[in-house]
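One structure is given here, and the rest of the page talks about it.
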Amino acid sequence: MSIPTITRPPADLVERVRQVGAATASATLAHMGLRNCFITGPVSWNKGKVVAGPAVTLQCMPKREDMLDEGEYADVEKQLHRHVLYQVEKGDMVVVDGRGDMTSGIFGDMMSTYFKGRGGAGMVIDGCVRDWGKIKKLDIPMWLRGVTPNYHAQTNIMPFAVNVTIACGGVTVVPGDIILADDDGAVCVPVALAEAMIEKAHKDHGWEQFSKMKLLQGESLQRYYPLHQDARPEYEEWLKQDPSK
Amino acid sequence: MSIPTITRPPADLVERVRQVGAATASATLAHMGLRNCFITGPVSWNKGKVVAGPAVTLQCMPKREDMLDEGEYADVEKQLHRHVLYQVEKGDMVVVDGRGDMTSGIFGDMMSTYFKGRGGAGMVIDGCVRDWGKIKKLDIPMWLRGVTPNYHAQTNIMPFAVNVTIACGGVTVVPGDIILADDDGAVCVPVALAEAMIEKAHKDHGWEQFSKMKLLQGESLQRYYPLHQDARPEYEEWLKQDPSK
Amino acid sequence: MSIPTITRPPADLVERVRQVGAATASATLAHMGLRNCFITGPVSWNKGKVVAGPAVTLQCMPKREDMLDEGEYADVEKQLHRHVLYQVEKGDMVVVDGRGDMTSGIFGDMMSTYFKGRGGAGMVIDGCVRDWGKIKKLDIPMWLRGVTPNYHAQTNIMPFAVNVTIACGGVTVVPGDIILADDDGAVCVPVALAEAMIEKAHKDHGWEQFSKMKLLQGESLQRYYPLHQDARPEYEEWLKQDPSK
Amino acid sequence: MSIPTITRPPADLVERVRQVGAATASATLAHMGLRNCFITGPVSWNKGKVVAGPAVTLQCMPKREDMLDEGEYADVEKQLHRHVLYQVEKGDMVVVDGRGDMTSGIFGDMMSTYFKGRGGAGMVIDGCVRDWGKIKKLDIPMWLRGVTPNYHAQTNIMPFAVNVTIACGGVTVVPGDIILADDDGAVCVPVALAEAMIEKAHKDHGWEQFSKMKLLQGESLQRYYPLHQDARPEYEEWLKQDPSK
Amino acid sequence: MSIPTITRPPADLVERVRQVGAATASATLAHMGLRNCFITGPVSWNKGKVVAGPAVTLQCMPKREDMLDEGEYADVEKQLHRHVLYQVEKGDMVVVDGRGDMTSGIFGDMMSTYFKGRGGAGMVIDGCVRDWGKIKKLDIPMWLRGVTPNYHAQTNIMPFAVNVTIACGGVTVVPGDIILADDDGAVCVPVALAEAMIEKAHKDHGWEQFSKMKLLQGESLQRYYPLHQDARPEYEEWLKQDPSK
Amino acid sequence: MSIPTITRPPADLVERVRQVGAATASATLAHMGLRNCFITGPVSWNKGKVVAGPAVTLQCMPKREDMLDEGEYADVEKQLHRHVLYQVEKGDMVVVDGRGDMTSGIFGDMMSTYFKGRGGAGMVIDGCVRDWGKIKKLDIPMWLRGVTPNYHAQTNIMPFAVNVTIACGGVTVVPGDIILADDDGAVCVPVALAEAMIEKAHKDHGWEQFSKMKLLQGESLQRYYPLHQDARPEYEEWLKQDPSK
C-alpha cells in the first residue's frame, strides 16, 4: 500500500488563515474568482471552535464486496480509514468524502482517540461518525453531516484512497489545501491563494469592529457598512484613541 | 427604487397572537380552514424564544448576472437585502424567501447588528445567515435552515424584491401578516383571521394546565384530554382554588 | 377496535442490551448477518440518554378524508395515536412510522405528559412532535426528525394501526423488538438475536477501555486497536491491577 | 401463510369508472372532499392505455435478513411477490408499495408473463420491474417509477404482506379499491364513492367535446369553458344535430 | 384585476434566436457572462420541436385557502391560470413557475386547446399538465416535469400572478425574455443580449457541419474540433464547393 | 498529462457477458456475493440496445476556477473530456461520473460524432449530454440521467481524471471492468468474476424460454418458475423437439 505524502504549508500561514475566519475567507476568495469554497453539508458538532490546518484526505467509494476484505477475521491493516490517521501530524485536518452517507460511521471512539493522541486539529466529514456519546468528550473539533451507530464499511461505502484529491460537500479538496472551519462551516483555501486572500481580507474588513459598534447604536447603515469615505476620518480618530484595536 | 410600505396590525393584537403559541395557533387555524400555516424548513437557532411581529419580506430569485450589480466596486445601495432592513421598525419580523439555498448567507454580522439596532423582533429565513459565531452573541431570535460562510449573492441567488408577497417554507406570506415563532417553528397568521383564532384557541385549550397536571399523575387520558364533560366540575373546582390560573 | 398485544422480552435482557450501546449493538448484529438495524432519520433531541425497551408501534398512512374522522366534533377515542399510548407499560419504547413527514406533530405536550405518567422509556419517531417548548421540560428521551406546530393529522398523514410491524427510518420493526437508543441514534435488536449479540459484543470489545487509554497517550493503533495478541498480556496485567474494570 | 381475499366491485361499476378517465375522476373526487387520490411517482410505461380494476396489493418493507428466506436454495413458495400474483383474477390491478426503491425489480419477465396468463388488467408499482426488454413485448399496462436489472429482494426491500392496506405513491390503497390509470397516471377510487363520482363527473363535464371544438377555433374561453349558460342553447342545438355525441 | 402587458421583441430577432438552438445559445451566453440560462427540470414531452417566443409568465404560490376562491361555484374569471392564456398572442411562450409540484396540473385539455386556438408557440412549465392523453394530440410543444390527473389548485399550489418576473427551473425569467426550447430543454435569452449572442454564436460555430463530417470519418479531433487554423483552408475549400452550406 | 492505459478483457468474453443480459447478470452476481452492480440513475435513451464493452472512465469533480483553464481562449487539449475519447478503441464503453449533475452536458454532438468515428460501443453517464436533437441521429447507445443545452464545464463540475476508478450511479467502476447495458440499465461486471457469472447464469436460467411459453398459457407458476424437478422431463422432451432452442 503506497500512500502519497502531502506538502504542508508553513504553520504561520495556516495560523494567519485561521484568524481571517471562514466567512471573510469565503467571501474574499469569491471576489478573487473562486465562486464557492464552502464545504456544504457538514456542520459544526461542537460550536465555538475556529481551526485551520492542512488537509489529509480520505476518499470513500461505493462498497464492492469483491474489493473489500472486511470482517472480523480480515487484516485490519488493509483498512484505509486507519491509514489516513497514520498520516496525521500535529495540526492536520482530516477531510473525508463520506459520500454524504448517513449509515456509515467513518470513525468511532477508538480511532478518534488515536487522532487526538496524534495531535490532529479537527475533522471535516461529508458523512458521519459513530460513538458520539464518547467522542464528544474528546472535544475534537468536528464538522459532520450526522452520527450513526454503524461502522465505516457496514452498509454502502468503503474507504478507497488516502491523500488523493477528493470532492467533499461540493468542493474539490487537494491534499495540503488549508481547511479553515468555524461555526459557519468549513472552507477550503488553496495554498497558492492564501497570502493574497489574507491581504485582501484585511484591506476590505479592517474597520468592521468600529462600524459594528455604530450599527448597534442604531446608526446609519449607509454611513458605516461598508465604511463610507465620509466616515473614514471618524474611524481613524476612533482608531487613534486605542491603537490596540 | 420604490419599496412598498406595509400596514402593521395593532401591537396589542400581535401580543395576544404571541401568547397563543405556534402549536395552538397552527392547529386552530387548521380547524378554521387554513390547512397549513407552518413555515417548514427554518428551525429555531436559539431555543426558548417566543416572538411575534408583522412580516417585512425579502424575495430572492435565481442569480442572473445581467440583472445584478454585485461586486466590490458596485453601488451597495442597490442591494435589496439592505433595503429590507431599512423597512424594519421596532417589533417587526423579517421573513426571507432564500429559496432554501444552503450556500448563501442572506445576512451577516454587520447587517444583523443593524437589525438589532433598529429593534427588530426576529428573522425567519428559508435559507442561511453567515458569521454565526458573531451573530449568536447578538441573541436575535432566528429561524434558519442553516449557516454558511458565503455572502448573500455569492453563488446561486440574488435579493430581488422587498415587501412583496413571498413563498417561505411552503407558506405564502403577505407583508404585514403576523409571524409567530417559537421552538416548534414559525407560523404565518393572516391579520384578518387573528382575532377569531385567538378567541377559538382560548375556548379550546383553556383547561390544558389542569389536565396536564392530572396526566402527569398517570390519570385517564379519556377523562382529561380533551377535558371530558364529566371532569369539568372538577376542573372548575380547581380553578376556584386559585383564580390566577 | 382491536389492538394486538405485544410479547415483551425479560426486563433483564432489555437492560443487558441497553448496556451494550447502539454502536456496538449495530456493528455486532452486522457481523451476525443483519446488514443494518439503524433507524436512519430520527436523531436524539436530548443528548446523553441511553435507553432500551420493547417496541410499541404506531403506523401512519397517507391521509384519506373518507377514512379519517378527524376534527373538533369527532370521537377522539377513534384516534389511534391515543391508542398506542394506552398500550404503553413502564419501560416501553414507542416507535412511530411518521412517514418522515415534517408537517405533522405525532404527539404534543398533553399526550407526551400522559406517556411520561405511564412510565414510558422513550420515543423514536420518523417524523415530528409538537409543543417542543413544553415537551423538552418533561425530559422524555426522544429521537425525532424534527418539530412542528402542526397536529398529528393536520396535513398529509393519519395514524392507521397500532402494534403492527412497521417500517421506521429504513428498518422493519416488529412490536416487541428491543429498541436501543443513545446519542448515535436508535437501533432495532430482534429479541431472538439479543443474547447472542450481547455475548459476541462482550467478547469483541471487552478490552476497549484499556486500549483507549493507550491511544490517548499516542500509542500504536496497530498494537492496541483492535487489541493485538502481543499486547494481550499487557492488557491482562492492567486488568489484574483493578478487576473492577 | 394466510392471504386475505378481497371483495371485488361489480365489473359494470369498474367499467364505468374507467370511462371517466383519471383526470376527471381525480378532480371530481377532490370536489367531493378527497383532496388527493393520485398515486404520485409511478408513470405510464406504455402510453395510450386506459384501464381500471380492483386493487390486489403487495406491501414491501425494508429488508431484514433474519426475516427473509431468500437465495437460490430457499423455498420459493415463501416469496410473497409470487402470492400476490396467485390472488390475481381477470381484470385485477396489482398495486405494489415498492417504497420508491430504484434498485429492486418487483417482477421480471416470468412473473409478468404469469400475470398476463391470469388475465390481469395492469400494474401500478411505486418502484421498478426488471427484464423490461422482454416485459414491454407482453404489452401489460404498467405504471412504474423505473426499471432495473436487480431482482425483487436483491438490495434494500423484501415483499412482506399481500392484500393489506398499503401506501402507494402517497395514497392509501385498500384492497378492492378501484384503480383507474391512464396517461396522466393512476388514481385510487374508493368503491363507496364510485357511483357518486361517476354521476357528478357526467354532470360537470358532459359538454366538453362541444366546447373543445369551439376553443380550437379560437372562440371565447369565458363563453365555452366552463360552458356559460348563455351558450347552453347553442350546445343543445349542436347536440340535437347528432345525438350520438 | 390588473395584468401587466409585455413588450415583445421583433419577430425577426426571435426567429434568429430560434435558429441558434438551445445548446449553442446557452454556451454562448455563458461565455458572455451569464453562467446558466437553462431552465432545469422541465423536459421535452414531444421531441423534435425547436421553438422560440417571448415569455408570458404565470407565478404559482403555496395554496392559502383564505386567498383562493376555488371550487365549483366560484367565479372562474378569478382564476389566474385563465388570465395568462388571455395574454397569449401568436408565437408566445407560456412559462409557468409551478414550484416543481407533481400533484398539480396547471393546464388541462380545454385550456390547452384554447392556447392552440390563440396561436401560442409552446409552454415551459416547472410542474405538470393534466389530460395528457388528449393534450398530446394537440401537438403543442411542451416542456414539463410530468403529468398528473389533478387540477391546477387541487392540492398544494395556486396561480398567483401573471406577467411578473418568475423563477422557473432555477432561472429568473422576465416577461418578454426570449424563451428558446428544443430537445435539450429550454433556455431564457435576455432580449438585450440576443443580438450579440447570435453574432458570437455564428462566429464560434459556423464550421461545425464541415468538422462533423470529418469526425464521423474518424479524423483527428485536434484538427477539426474546434477547427484548427491549419484546417481552415481545407474548410474554406469545402465551403466553396457548395456555397449553400 | 499522463493517462493510464487499461487492460481490456478478451472480446469473446465480453460478447458472452453481453448475451447474458443485464438482469440475469446482476442477479447472478448478487447470488455470488456482489450485492449490487447496477448503475442507478442513468437510463436508456435509445431503447432496444444490448451492448457490452470494457470501461474507459472519466471522473468529474466540483468545479474549481483555480484548477480549470476553461474558456474560449484556453488550450482545448487540456480538457479531459477530450482525452477520455482519445482512449476509446472499437467496442469500448465510456463511463462518466458526472456527479448526477443536471446542468452539465459532458459531451455534445461533435464529441459524440468523434466517439462514433472511433467505433465506441456506448456511453453510461451519471449526468447529461447536450445537442440531443443531433446526437440521437447518431444512434449511439447511451444511458443518461438527462440532457441539457449547457456544456461540460459551464456550471458546477469539471472533468478531472481519465481511466481512474470512479463511482458511477452508486457503483465503483474500475477501468477495464465489463459494462453491460440494456433496457434495464447498466451493470458493472468485474472481469475476474465474468466467467463464473456466465456459467452460473446458464445453469440457473436455461429453461426460461420453455417456462415462459407455459406461463403465457396460464399454467402453474409453482411448476414452471423456477422449473420444478417434476417438470424437467417435460422440458427435456420439448428441447428434443427442437435442439436449436
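A, B, C, D, E and F label the chains in the order they appear, each numbered from 1.
Assume a contact is a pair of C-beta atoms (placed from the backbone, for glycine too) under 8 Å apart; a residue touches a chain by one contact, two chains touch by 3 or more.
Keep in mind that what you see is a predicted model, and the values were worked out from it rather than measured.
For the pair chain A and chain D, chains touching both partners: C, F. Of all chains, the one whose CA centroid is most distant from that of chain B is F. Equivalent interface to B-C within the set A-B, C-D or B-E: A-B (over half of contact pairs identical by residue number). Ranking B-E and D-E by contacting C-beta pairs places D-E first.
Both copies, chain D and chain F, contribute mostly unmatched positions to the interface they share, with under half of the numbers common to the two. If each chain is reduced to the centroid of its CA atoms, chain A and chain F end up 37 Å from each other. Chain centres here are Cα means. That of chain A falls 32 Å from that of chain C. We define each chain's centre as the mean of its Cα atoms; on that basis chain C and chain F are separated by 41 Å.
Residues of chain E found to touch two or more other chains are 35, 170.
Pairwise, the chains that make contact are A-B, A-C, A-F, B-C, B-E, C-D, D-E, D-F, E-F.
By the touch criterion given at the top, residues 71-72, 76-77, 82, 85-86, 102-103, 105, 108-111, 113-114, 116-118, 130-133, 136, 146-151, 154-155 of chain B touch chain A in their complex.
Those residues of chain E lying in contact with chain B across their complex are 33-35, 61-67, 99, 156, 160, 165, 167, 170-172, 190, 192-193. Those residues of chain D whose C-beta lies close enough to touch chain E in the complex are 21-27, 30-31, 35-36, 38, 40, 43, 47-48, 50, 170, 182-185, 187, 204, 208, 211-212, 215-219, 221-222, 225-226.
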